[in-house]
Amino acid sequence: MTAPPGFTEAEFMIAQCARLLEDQKTAFIGFGMPQVAAILAQRTHAPQLIQVFEFGAVGPMPLTPFVRNTMGGPANCYRSIAWTNMSTIFAQAQLGLIDYGVLGATQIDLFGNINSTMLGDDWRRPKRRFPGSGGANEVASYCWRTIVVMMHEPRRFVPRVDFITSPGYLDGTPEARERAGLPAGTGPWRVVTSQALFGFDEASHELTLLGALEGRTVDQVVAEMGLTPRVAAHVERLAPPSPRELEILRDQIDPARALIGRTAKS
Amino acid sequence: MTAPPGFTEAEFMIAQCARLLEDQKTAFIGFGMPQVAAILAQRTHAPQLIQVFEFGAVGPMPLTPFVRNTMGGPANCYRSIAWTNMSTIFAQAQLGLIDYGVLGATQIDLFGNINSTMLGDDWRRPKRRFPGSGGANEVASYCWRTIVVMMHEPRRFVPRVDFITSPGYLDGTPEARERAGLPAGTGPWRVVTSQALFGFDEASHELTLLGALEGRTVDQVVAEMGLTPRVAAHVERLAPPSPRELEILRDQIDPARALIGRTAKS
Amino acid sequence: MPEIELLATGEGEYRLHDPDAIRAWMRDRKRRDLVDKTTTAAEAVGRLVADGDYVSFDFSSFTRGPLVLVREIVRQRRRNLWYCAKFTLMESTLLVAAGACSKIDVGFMGLGETLSRAVERGEVTVSEWTNGTLTLRQQAGAMGVPFLPTRALLGSDTLRYSGAKVIRDPFTGKPIALVPALNPDVGLVHAHQADIYGNARCFGPAVQPLETAMSARKVIVSTDEIIEHEEIRKAPGLTTIPYFLVDAVVHAPFGAYPGGLPGAYEIDFEHFTEYNSLERLGRLDEYLDKYVYSVDTDDDMLETRVGLRRLKALRRRATIREGYGP
Amino acid sequence: MPEIELLATGEGEYRLHDPDAIRAWMRDRKRRDLVDKTTTAAEAVGRLVADGDYVSFDFSSFTRGPLVLVREIVRQRRRNLWYCAKFTLMESTLLVAAGACSKIDVGFMGLGETLSRAVERGEVTVSEWTNGTLTLRQQAGAMGVPFLPTRALLGSDTLRYSGAKVIRDPFTGKPIALVPALNPDVGLVHAHQADIYGNARCFGPAVQPLETAMSARKVIVSTDEIIEHEEIRKAPGLTTIPYFLVDAVVHAPFGAYPGGLPGAYEIDFEHFTEYNSLERLGRLDEYLDKYVYSVDTDDDMLETRVGLRRLKALRRRATIREGYGP
């Protein structure tokens, strides 16, 4: 698809993700889009959103413009509340202190399992190799509510991932995460794409379409996925980025359009 | 006994302990006498003795006069190389970075097991209760060479301690410490008393008299113990504190004679 | 199914902490918003310390200890506390003398006849640990894991009367001790500085202020100084405890008295001499009456029982400042 | 004898480290004396990094990374290194492109086709971990214990291809993962400041500089500044790494280049653009030739390939200083 006029797919994705982040909560923020979404949230409805990063920065108010790859640098860690380290911050996440985890993903499946490791049926001879977990496995294991942000591309949605890098609801059976020993009451909560918003069915833990971008029909959304999600009884109409969201994204956060300019590949 | 003229039993003990501490080594220093011995060593032959304390001070050059109970204070931690914390310093000891451990003890037995917990044959109904391990169990478990400093009093030396607070050679059988899972190649190395110096027999791991204070005979030393130690083929004659050692102890370290004035109870 | 040998299990009593229960507490009870948490010692202890609670403190009676909070616990006549004596001296004695404490995890129980007699008479029950393993237990509690491994305790009777287990390490095949996580009901820390939200700075060597705050369900930070939140954000590397762990902030200059606060004031030796002699004479009731019961607050105690001149002299003696401030 | 269930064992390759062997090394090979350890990158790498060594570094290619040491490893044509990619990006790619590295513990392997192809072709073998569990493995190595427990990895294929084991926790009865200790042969850390003995200060957020230094057998600290030992003793709370862990100190201003050193200089984006385009074109040989092989030292590289003006501009951009210094 091409983006509806007036905003890009990335801009919608980022704005939609930002809207999910509550004020006065802690959020473990992954590399890239999640950073931009968190900054946007701080500058709209969530000024006291406490961002935490895997290298131990807690509660920064990042300076903008956002620049990729500077996650550990002074601008992104500006005016933090504490600078600690990876062991301590993952300990705090494991202890249950981090409310949200916000991650990108290469591939996700019906039960919200995330693959960022490899494609193919033999791990020893991968068809395609990716960078691996990074801190995503911890974030998806420890944080209370994991939010996955990804382009709405058919190849990214599969019935079953080739490799579970970071745990979703595993095989989807009741208490599957708890039986594996993962912290109780955690798991993927929302998947934000360039077209839609998904949650997970309480009983079956299957990916469930909760909302579609204004102008996109349920059929259009589902047609561009490599799996068949459940569809909520009422599918919400998701508003495009507001003029204010776009202004903050374009003028303050990413004037170079390094991230907000992106579009999906069909 | 009464101290030979010119110095106290405590002064001898402290000086003898200090002489055992090599320069340019790390030493885990316990509360009280070990502190004074370490400062004396630093001011005589071991200026680069790296003292470490269980609350994480590493490499201080303590200001004197020494004052009891101020172990964690600025004078004792003066000019440290690092200030860390208990978890980190015990980790470094467990990792094998600390050469000496210097401890006081309420009671010690033939195999160098230390009791600072209780007297009696029923732990639930102790005849006499003491403060417990503190950090002594870690020091005796982790440091390469443990030195125990104690007054030469019969009741302090027993064939078998009522309670092993901190491990010596346990039952004395070969590899007893290793079989228990304790770090290999560690254990009590020397026991310094107000009259004598002991080591441990390589084969039997039994307390062995290595030296006696000048003027004390082997029989006199052994007579004032509640156990019968082995006696080395050659028993060294231990020199009294030198004028320089006494001057540093009396003028610089403990002018109030809080520790150096002590004598043993028969 | 292959199995791992369980070689020994200590007989000592300990509370089992399920990390999932602690996680739920941390999710529901630890505020993420920046809200003014400053209050009085009386209010903080009244609200956050209950009879029967397990209480832990950092770092010692002589150095940067929250004695102001211990005195308030005594003043409010708490009962049946379980005390974590991981590096303790005076305060465990005070709690026992006041009848506030019926169980002690030893560590170092503290000096003096009061404690020895109480244990000998069975008025106080103990479990045997060590300073290092109590610290490690709190580190496990702070990490949200059920246990941590250690090579201490092994071979000792301390292990036998602790709650540790010994297993055969599945990697090396050697015996290793596992100590269960400790998540105190109450964690007490005295800081050099804190902002009104609870971001706290401790300077100098330490036992484990951060892990004490992370592992505890309820955390009271007493602090000699309240500083601007902006100061915290200017030097995030100096933050020892982040605000979201802290439930109450008590402004308490000389809060570590009669102990010292490195770089700020020295130990009051006269006070300890008085305390020790009364302790030896079995007359701690007089001590408690003079310094706790007969005064409404710690500020009153400092003003009427110690006096400005003596406090000034303690500050005067704190001439070593290097390293104890921002 | 009662037993504990072993629920799963990962297939991933890892080196087993016996804590007693590490202890003997720490006793025999870590100097306790205060001796001048300053040397060149060439000498330090020549002496302390051997073919086949397991290498770990802190913190990242973009932030406070010892890139100067990585380039020297490439320059000296090391082979068959096993690289700990716990928070890596560029440097793992450089090592693989140079043929220096044949195994990677992932973490985050690094971006780009070079690495992906090398793994797809089987030129580089990997074990699966995570940033958190590689950090935890080094923490175990730093603590001198054979493993540490974690609730990560569970339920994932990452665990299956790691070296972790899953046991039933003897305390709670719930499954828990145990990750084996990691004691790298070589630990590389870039510090803001260090004295000639190796007492090092890192400012700002961090991955785990201290544990990287504690866990490693051989430690090289590169530093942008050499400071007086007296400065260390005036502010012991600022010491990140104590000297007795450090085997060599390399004075390397801009040692983190093309990454940044917070508070000192910013990332060189132009450089990364050049690097990325060459990487995409599969022409990293040109990059390595220009920035490593064709220059004798990193200083030569900075002078002739980057130039004083550009370095000055990177310092100019480092306008945020708060919190990044003593």
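Chains here go by letter, A, B, C and D, matching the order in which they are written, and residues are numbered from 1 within each.
In this section, a residue touches a chain if its C-beta (ideal position, glycine included) is under 8 Å from a C-beta of that chain, and two chains touch if they have at least 3 such contacts.
Note that this is a predicted model, so its numbers are computed, not measured.
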Per Cα centroids, the chain farthest from chain D: B
Chain A and chain D: spacing of chain centres that average the CA atoms, whole Å: 28
Chain A and chain B: spacing of chain centres that average the CA atoms, whole Å: 58
Whole-Å separation of chain centres (CA-atom averages), chain A against chain C: 40
Touching two or more other chains - residues of chain C: 19-20, 144-145, 150-151, 174, 176, 204, 234, 236-237, 323
Sites on chain A at which at least two other chains make contact: 57, 77, 80, 83, 94, 142, 183
Graph class of chain-chain contacts, one of line, ring, star, complete, other: other
Every chain pair meeting the contact rule: A-C, A-D, B-C, B-D, C-D
Contact set on chain D toward chain B in their complex: 19-20, 22-27, 30-34, 142-145, 199, 210, 214, 232-234, 236-237, 239, 242-245
Touching residues on chain D, where the partner in the complex is chain C: 1-7, 16, 18-20, 144-151, 165, 167, 169-172, 174, 176, 178, 180-181, 203-204, 234-238, 322-323
Touch list for chain D against partner chain A, complex: 59-60, 62-64, 85, 87, 89, 106-111, 115-117, 119-120, 122, 126, 128-133, 135-136, 139, 150-158, 161, 166, 174-177, 204-209, 211, 260, 262-263, 266-267, 269, 272, 318, 320, 323-324
Residues of chain A defined as touching chain D within the complex: 53-57, 63, 67, 69-75, 77-78, 80, 83-87, 90, 94, 117, 123, 125-138, 141-142, 163-167, 170, 176-177, 179-183
Interface residues, chain B side, partner chain D - complex: 24-26, 48, 50, 57-59, 61, 77, 79-83, 88, 91-92, 94-97, 99, 142, 144, 183-185
